[in-house]
Amino acid sequence: MKLTETLTDLANPTRFLALTARILPWLAGATAILLAIGLYQSAMAPDDYQQGATVKIMFIHVPNAWLSMFVWSVMSVAALGTLVWRHPLADVAAKAAAPIGAAFTFLALVTGSLWGRPMWGTYWEWDARLTSVLILFLMYLGLMALWRAVEDPSRAARAAAVLTLVGAINIPIIKFSVDWWNTLHQPASVIRMGGSTLDKAFLWPLLVMAIAFSLLFVTLHLAAMRNEILRRRVRNLQMMQANQQAA
Amino acid sequence: MRLSGRNLKCVRGGREVFSDLDLSATSGEALAVTGPNGAGKTSLLRVLAGLLVPAEGSIALEAGDAELSLAEQAHYLGHRDALKPALSVMENLSFWREFLGGETKDAGHCLAAVALDHAAHLPAAYLSAGQRRRLSIARLLSVRRPVWLLDEPTSALDAAGQAMFIGLMRDHLASGGLIIAATHLPLGIDARDLRMGGAA
Amino acid sequence: MRLSGRNLKCVRGGREVFSDLDLSATSGEALAVTGPNGAGKTSLLRVLAGLLVPAEGSIALEAGDAELSLAEQAHYLGHRDALKPALSVMENLSFWREFLGGETKDAGHCLAAVALDHAAHLPAAYLSAGQRRRLSIARLLSVRRPVWLLDEPTSALDAAGQAMFIGLMRDHLASGGLIIAATHLPLGIDARDLRMGGAA
Amino acid sequence: MSLGPYASFIVTSYALVAAVVLLLIVWIIADYRRQQARLREIEASGVTRRSGRSAVDIR
Amino acid sequence: MSALAALIRRDIRIALRVGGGALIGVLFFLTVTVLMPFAVGPDLALLSRLGPAILWLGALLASLLTLDRLFTADHEDGSLDLIVMSRTPLELACAAKALAHWLAAGLPLIIATPVLGLLLNLDGTATLAVAATLLAGTPALTFTGMIGAALAVTLHRGGLLLAVLVLPLSIPVLIFGVAASQAAISGPLPFGTPFSILCALSLASLVIGPFAAAASLRHGLD
Amino acid sequence: MSALAALIRRDIRIALRVGGGALIGVLFFLTVTVLMPFAVGPDLALLSRLGPAILWLGALLASLLTLDRLFTADHEDGSLDLIVMSRTPLELACAAKALAHWLAAGLPLIIATPVLGLLLNLDGTATLAVAATLLAGTPALTFTGMIGAALAVTLHRGGLLLAVLVLPLSIPVLIFGVAASQAAISGPLPFGTPFSILCALSLASLVIGPFAAAASLRHGLD
């Protein structure tokens, strides 16, 4: 009872705006603090005996890589909301997430490349992990193009939802590509069956950075959703304006 | 059988087309939807046909086939006539007859009923505007559907064609069907009027 | 100005549509082409517009602009309305106005004349059937052409639209134009009748 | 803290991440300002929301 | 059942009369193959090594070329409205349309493979392997491409946007198709593994494609 | 003159709105290019050798994907009737339509070539050479394709004729385009010879295309 009430409350755009206005400053603060801690810890982390100081790239590469997949998952849930409940807030959530997800994916690609040069001797290699992430990036761009190309938001939302759900099959492919194909890329060492194999000295900074980046995503996403709601309000008002002038 | 819509509202392209619309029609009855250009007649028919989702309101078909949705018990005759120019007249009709399924009538008879039997083997690309419309009407006859949703059905028909179509609508009503037709011209049969307002 | 056709014969898809057809119309005069579906009304208009080559016979426009062919001095309003759904109403009209060239009128005025000015910035995809027809009619107004070839021009128009169009045709005739219109309904203006025979 | 022979790679990647994240933040804030400005503009021209409340007031 | 058969028959008949699918696909396929020797140079060994990749690329691009109007034509003439309203579940109708398209446009490619194999200096087993992978894999191309075709209708957008949206989905098919053919030709990996993944992809797309296409049609018509 | 400008402006505007804009064109090529390594394998040397051919194939595909409806769309909505009746010579109108198509579909590819060259491991001169050949050659693809597009309208046959008529015409363009780029990259032949043939082909098609298309439209409408 209580839960459904909160949910319907949240689903009302005006209530959503009011609520997020209150929690956004706290979220932003928490993000900043955690990022500071994470950055300090990763600066203090020892060098790896194999990788040397370049292991520091891990602390930003891995959170970005995780988020690139997580954001698509968030969009998939929103897509279900669009198709099953036809709820406009789900449309808003999906649309606002796409550019942020694209940015994280871009960063995962770039930091990965910059790490690959010292480690593998090349910036880019057409292997399964790398390419499936590139495909993810292309699909983010495709979705953004779709949102821009179609001016009627609810029509765009439904098409984007179908596409998001179909594209979600790429996520397990990215995750398990290192197991299914023998590739250059590291197999999973943090999130795997049988526990993490990573040394504690690297694990802690990594986890803090991962949480910090996740909070960053939540903050940015909520803010972008607010913008999107306002954009729709502007659109509606402009339409009313046109109608009032026509009458 | 009774088709009723309650409190219907339709939004297209972000603009409200109509709202608070109620309608009902029973077996043997025809409803003529009239109103100026852009009033929302076509939109209403498409909502009833299930091709548009109403923003508000509900539609019910009482005493119809409980296993089938309204759309599955309805014929929709729109501006676009669902004909493939590359197929012959007979092939076009036979395809819809088989695909739509249900209780069917002989395709040749239906073509004869709309006076197109002499053209059965012509490609549909060769038909004149009125002949295309006649072929669409033959589709209504070839498969039985109790509800007919017609959008300006007599446009492009000549005088003989209009008389023929009036006869076909009468037969349909007499056999317990119901008709909802958007039109600017008198329908030619007894019909209740549903007047829609709105701008040109 | 005088448009005349002599001994015209038209063959389409290997079958003769009409033959031995004579017609003439002078400035200020309207010719209503009537006849059953498939009689060849549309074919005749397309022959006059230069879109079909007659199998026999000749067409002449006397006292027109000697430098221009008949097609270049004519407007053709067919079933298909030459609108691009992706462009706005205004963009569609402006394009034809610029492309057809010659003596033009302000596009905004023409839209107002067909009561579409409130929709000027909507995409043409959003127009209803009657609104599309109105936009096509606005094209006739936006560029001056003495000869109007109209194929069922009032179909899909509501009562107000038909009255408006009758007024526009009257103005066109009064300014020395001539009209040849295929129609199943009374045109609403004084017109000579050209009756075509043939099968349904 | 010494970054070894590959310092430039490490610094570049951290700098890039910082740049892109900042870009995102700036874009979102600018977008917010833009929407607010447009709402005020429309409101000034006399259009009101159906609820009668101000569109700019979101609290 | 007879409704679906009627739909398949109609679509194939139209494809054959209008001449869209089959021949343009095969010809494009041929062009890609003819072009490669010019790009790669007259190195026959290299050419036969690239053979399967070239044929697969040709197949992918050819299906892209013909697929985008799968639903648009029916939408423009109003047929799609009637198909949506009919008593046949929309998912099945979509699947039937895709099947018809594959029969008219995909199958000819597979039949043409032996000829093109000759041009690319492939030997008998290699040609057979490529043909087998194409047979197993091209349905996946058609059935994922169908999603794009359905979106084309509901978005009123054609061409490149859809290609952009759909191409990433077909990349796994391409990878395993080429991998399986390579395995059959030169080893060292067994043919079976990638081939069975290819079949699995096809089966998955046979399910996902119709559902996604039907969902987008149902939610997007107007 | 202003009539032609209006036609070009209209066609480009429609292409951008419906096709999704120049950015989508670039995204499309990005996707097609990304596909290649999957098919060919991650061999960078081989990839850069295939680079020009891949880019040329992409250009052909992009023009084929959209070209077959160059006149069909106008025919179906009745615009073509009015264009034929207008005071603008039909040859010029056809040329204007083809030019608009090239601006919307061909030019973005050429502008994107440097980015794609990077992905395909092409060096600076090679990228420049490919871009130059594309600039000289893609007009020929569009203007010969136009003939097929016009015949597609008048014969009520879509893909078939386009394919049969256009592909043979465009194969020489493809071959000389790829040959010229290869010559610039690896020699031993001089770049100039195939490149000047390419330019000659383009110039010839600029003249022949509009006349052939206009003739077929004028005699074939009904």
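A, B, C, D, E and F label the chains in the order they appear, each numbered from 1.
Rule of thumb we're sticking to: a contact is a pair of C-beta atoms (placed from the backbone, for glycine too) under 8 Å apart; a residue touches a chain by one contact, two chains touch by 3 or more.
In UniProt terms the chains read A = Heme exporter protein C; B, C = Heme ABC exporter ATP-binding protein CcmA; D = Heme exporter protein D; E, F = Heme exporter protein B.
The model shown is predicted, which means the values in this text are computed figures rather than measured ones.
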{"item": "Chains touching both subunit A (Heme exporter protein C) and subunit D (Heme exporter protein D), listed by label", "value": "none"}
{"item": "Interface with the most contact pairs, given as the two chains involved", "value": "E-F"}
{"item": "Separation of mean Cα positions, subunit C and subunit A (Heme exporter protein C) [Å, integer]", "value": "57"}
{"item": "Between subunit D (Heme exporter protein D) and subunit B, distance of the C-alpha-averaged centres to the nearest whole Å", "value": "52"}
{"item": "Distance from the mean Cα position of subunit E (Heme exporter protein B) to that of subunit D (Heme exporter protein D), given in whole angstrom", "value": "43"}
{"item": "Residues within subunit F (Heme exporter protein B) bordering two or more other chains", "value": "18, 20, 24, 27, 31, 34, 38, 41, 76, 156"}
{"item": "Sites on subunit C at which at least two other chains make contact", "value": "12, 79, 86, 118"}
{"item": "Overlap residues in subunit A (Heme exporter protein C), where contacts from two or more other chains coincide", "value": "131, 135, 138, 141-142, 145, 149, 246"}
{"item": "Of subunit B, residues touching subunit E (Heme exporter protein B) in the complex", "value": "12, 46, 49-52, 68, 71-72, 74, 76, 78-84, 86-87, 91, 94-96, 98-102"}
{"item": "Of all residues in subunit D (Heme exporter protein D), those that touch subunit A (Heme exporter protein C) in their complex", "value": "1-7, 9-10, 12-14, 16-17, 20-21, 23-25, 28-29, 31-32, 35-36, 38-39, 42-43, 45, 47, 49, 55, 58-59"}
{"item": "Subunit A (Heme exporter protein C) residues within the subunit B interface of the complex", "value": "152-153, 235-236, 239, 243, 246"}
{"item": "For the subunit B and subunit C complex, residues of the former touching the latter", "value": "12-13, 35-38, 41-42, 79, 115-116, 118, 122-123, 126-131, 133-134, 152, 155-161, 184-185, 199-200"}
{"item": "Subunit E (Heme exporter protein B) - residues contacting subunit F (Heme exporter protein B), complex", "value": "18-21, 23-24, 27-28, 30-32, 34-36, 38-41, 46, 50, 53-54, 56-57, 60-61, 64-66, 68, 76, 156-161, 163-164, 167-168, 171, 174-175, 178"}
